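The block underneath contains the structure these notes are about, expressed in structure tokens.
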Amino acid sequence: MKKTLLGILSLLFVVFSFSVWASAEPPVMHEQLVYSLTSFNGASFSKSFCPANEETIYFIADQENVISPRKTIVYYWPITRKYMAGFSTLNEEMAGKFEVLQGGKVISTLAKQTYTLYYPKGYWSEKASVYINDSAREYFQKYKAAVDQFNTRLKQYYESMTQYRENFNRFLEEVKKRREAGDNNPLNAPVPKEPQPPEFVEFYATELTEGFIIKLPVGEFEIRLRADDGTIIEGSERKVVVFASRRQGGTGYEIIPGNRWTKKENCDDPSWVIHAVGKNELYFNPYRQDEYNELYHNKLEDPQNVGSIERWKWIHIDPIDNIKVLLTHQQAILQAVDKEPYFVKQIQGAELGYEIIKYDDDLKQKGYKPTFESYKVILDENLPKTDYAISTVQAENAQPVPQSERTLRLLKKDKSLYLYAIPIFPLIVGVFMLLSRKSRMEK
Amino acid sequence: MARSGKITRILLKKDLLFALYSLGYYGVLFVSFFASSFILKSFLDGIREEDILVTAFPLNTYLSIIIIIISLYLVLVSAISISREKEQGTLETLSYGPVTPRSFLLAKFFKDFFIGIISLGFTAIYFYLVSSLTNIGFTPGLIKALVMGVFLVSCVVSFGLFISSFTGRVRSSIISLIAILGAFLVIQFTYNSLLGIEKEALSVPLFYIRQTLHYVFQGINWISPFAFISRGLDSVVLENWPLFFTNIVYCIVYSVIFIALSIGIMNRKGVKA
Amino acid sequence: MIQTENLGKEYDGLKVVDGLNLKVEKGDIYGFLGPNGAGKTTTIMMLLGIIPQTEGKIYLLGEELKPRNIELKRRIGVVAENQYLYREMTAQEYLDFFGEIYEIQNPKKRIEELLEAVGLKDERNKKLGAYSKGMQQKFAFVRALLHDPELLILDEPVANLDPNGIKQIRDLIEEENRIGRTVLVSSHLLSEVEKLCKKVGIINQGKLLVEDNMDNIKRRLTDTIIMRIELNQEANSLESALRQIPYVTTFNITGNKLDIRLKTDRDYRKDLSQTFVDHGFLILSMQTKEMSLEEAFMTITHQNISLLTRREN
């Protein structure tokens, strides 16, 4: 028994050692048919690809997604345990008819369509819509025209700027000349005005591209690519799982702690509690949100992601506007906060920190833009350490926004040293038990 | 049957009382609570005044620490409970009378199970005091985890008894327990390491080893009581009631199977060391 | 009360008990004798259902012993060779516990009577771990008798006791037998069994060699005498001659001294003297060295087993 166990453990150790060595080897490149995906993730679009080893592609129901079969170079990256695609080395569009099947029967054959992803608040806003064919061309042209217009303005700006510098230099020389001549009277010449740069195009549209636009109801499907000679292209078959959200219309919060602007927290589920120890400045951003299955949604964002089928996650859809955020305690409103712009100011010196300040006219005049807009709740250090509530109401009629209430709990830190005393109580019970037995024995 | 139940109750009463007279048990509770307090204190100290923590289960991590320490204690105690009585001969003495392996084993199971429940009771008091002291909420999630803990304890105890049933001496029980749990860990690490290698890059033997380990790993997930602890506590945090109850059913089925196996082995191997 | 039919036990192909047919009648104090390793404890373990037999049947109190026949065990009291007690329990706690297990009516009175009988009444609140071996042995009797069993099975019951303790236990067994309890005593001490038992079964190498009443056993063990003879010279050359003599059962030669065991059916001293003279020896002394009953009964040895079985053959 012992020898067998020892043998098994030794074998496992050898395999373990070998696997560590083998994982350090350079990756092997493969040419492979993959699906390039632009999938609607509930709020925007996620870009990913589905390598040959992933059998299933996930989509949200009744939403347009783009799928594009391509030949590329694929290699395994042991650190992330994912396949990577070398699209810059090989990115060949696959020809053929794209078939969608359900229960083994072809339910539709798709042709390639032209599309663009349109970002109304700019590329970094992470909010986008897909437009197809004529609409796609229209939006792309709109973007292209806006960019052309911007470029024209930019050119004008640079010309004005050159002119401004010349005028300004002339102005300075004039001042110098008069001062050298002993003329200390006010200069009655106008100071040249610096031109303002043009605003960049706020929206963004991707290049017009071709792909299969797929929009399916909830269910399980199969997809494949059929070549012109009628054969099914090898490696093109995949399963498709189309799912919907479990709960819709919730209210979630993004919270920016005053001291950690870069590390935002989410308080999405109504059961979640915000714990703080006092003296906090918290910036709340309420969102409308939908709840999706974690595994499905993670796989939608990248088919190689992992997740749990039992777990659910909230996806922020849109910020909720025209509201007030309330801090209450036992129905009493302590603070009612409106949305305001804030600016993150870098602290000079060795500290290299930052502070969040209110965005005001002074900053505006200096040409700064607000870093973010939010609802600021201040937790005073003298607030009793108890439970409070954060909620959202409509600004115009004070009607509560559904599922927006969260508990905010202030923790007590001052007596935390007593935490070391609590574990002693089982020992006291133990000593009592022993003594009671001893006294019974003596009786 | 009724008489057998009565014998089990008598044995249980004796075992439970003497377990509660052992200062070692309270020592384990102290250690687990102290570990929890230590981490909790560090955590509270770590929260600067402006920081926040968003969670529905602020104390569940600490509960997990306590449950794991108590489980390690229970699995060890139950793993030696039968073998110790075999080694000391007390089981033989009991067998001269109307004590069957079944009534004996059930008594041992319920003894350790009740010890587990009492420990969870202590844990509930501990968290109540922690909550009063720090205002960290004694949440429904914590109560749910404590309820789940009852069933997890039953898995741990039945697994320990299973090991004890096929070993005749305390030393071999401890060695078997460490070897089995160690093997589970090594398999998990090895399998995870092999997962880091691309399937196509694996040699044929290594590929088959990975496949085998995959199935072994799946099996371990249904054999190791610690895998049940992980799943059970996860189901609490997931707030998925069907999953929560499914895990409870799994725990009950697991316990019944392991107790039945232990009784079968005891019947086969007899009462002597 | 106890009957075995062709009872056998085999470990790894080795027969430890072989075709054993025991019969203990109601009211008997039956001595189950044999040297160490003869198979006594294995037989008792089978009688108690602790280890299963590989062949044969066991009947206890008129019922066949089956693994699930737990109720039968309530009617048997057992004292094993080694006492396995819960060392952390006090004597009182231990007896209360067994009282509950055996569902004894009025256990307090019974415990008090029995502790009194073995002289442990004042030690009842001591932890059993603090008991001496002798105290543990006596205490085991208390536990065995606690539930008023119809049958008492005792395996080496006085092994760890001093003479006073042995007497206490002997008196207790006799008293229990007087009130109708059947007793099976397993021992390797013939002397002890002699004082208690009327009927004896002797086992060796797993086989029952003889089952008889005590008087016949005594007679069989004492039907030879030992002659101690001193000759005028070394006697090794006499070995083959002595082997030829039918009334000589065994002998031992050390230099010029001989111990010769002779049959007692008549006086062979004259015949023996003549043999020495015929072989050219002179007898310097000749003494009878009779084995005392105590000596013969002290232990069961292979020597006296052969004595016991000779006549049977």
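By written order: A, B and C. Residues from 1 in each chain.
Criterion: a residue touches a chain if its C-beta (ideal position, glycine included) is under 8 Å from a C-beta of that chain, and two chains touch if they have at least 3 such contacts.
If you're wondering where the values come from, they're calculated on a predicted model, not measured in any experiment.
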item	value
Chain nearest the overall C-alpha centroid of the shown protein atoms	B
Which of B-C and A-C has more C-beta pairs touching across its chains	B-C
Inter-chain centre distance, subunit A versus subunit B - centres from mean C-alpha coordinates, in Å	39
Geometric centre distance via CA averages, subunit C-subunit B, whole Å	49
Cα-centroid distance, subunit A relative to subunit C, in whole angstrom	88
Contacts with two or more other chains, residues of subunit B listed in rising order	21
Subunit A, residues touching no fewer than two other chains	none
Parts of subunit B lying in touch with subunit C, wherever the complex brings them together	3-4, 6-7, 10-11, 14, 18, 21, 88-90, 92-100, 267, 270-272
Partner subunit C, residues of subunit A touching it in the complex	441-442
Residue numbers on subunit B that touch subunit A, as the complex places them	20-21, 23, 25-27, 29-30, 33-34, 36-38, 40-41, 44-45, 47-56, 58, 122, 125-126, 129-130, 133-137, 139, 141, 175-176, 179, 182-183, 186-187, 189-190, 193-202, 206, 209, 213, 234-235, 238-240, 243
For the subunit C and subunit A complex, residues of the former touching the latter	90, 125
Of subunit C, residues touching subunit B in the complex	48-52, 67-68, 70-71, 73-74, 76, 78, 80, 82, 84-86, 88-89, 97-98, 100-103, 143, 147
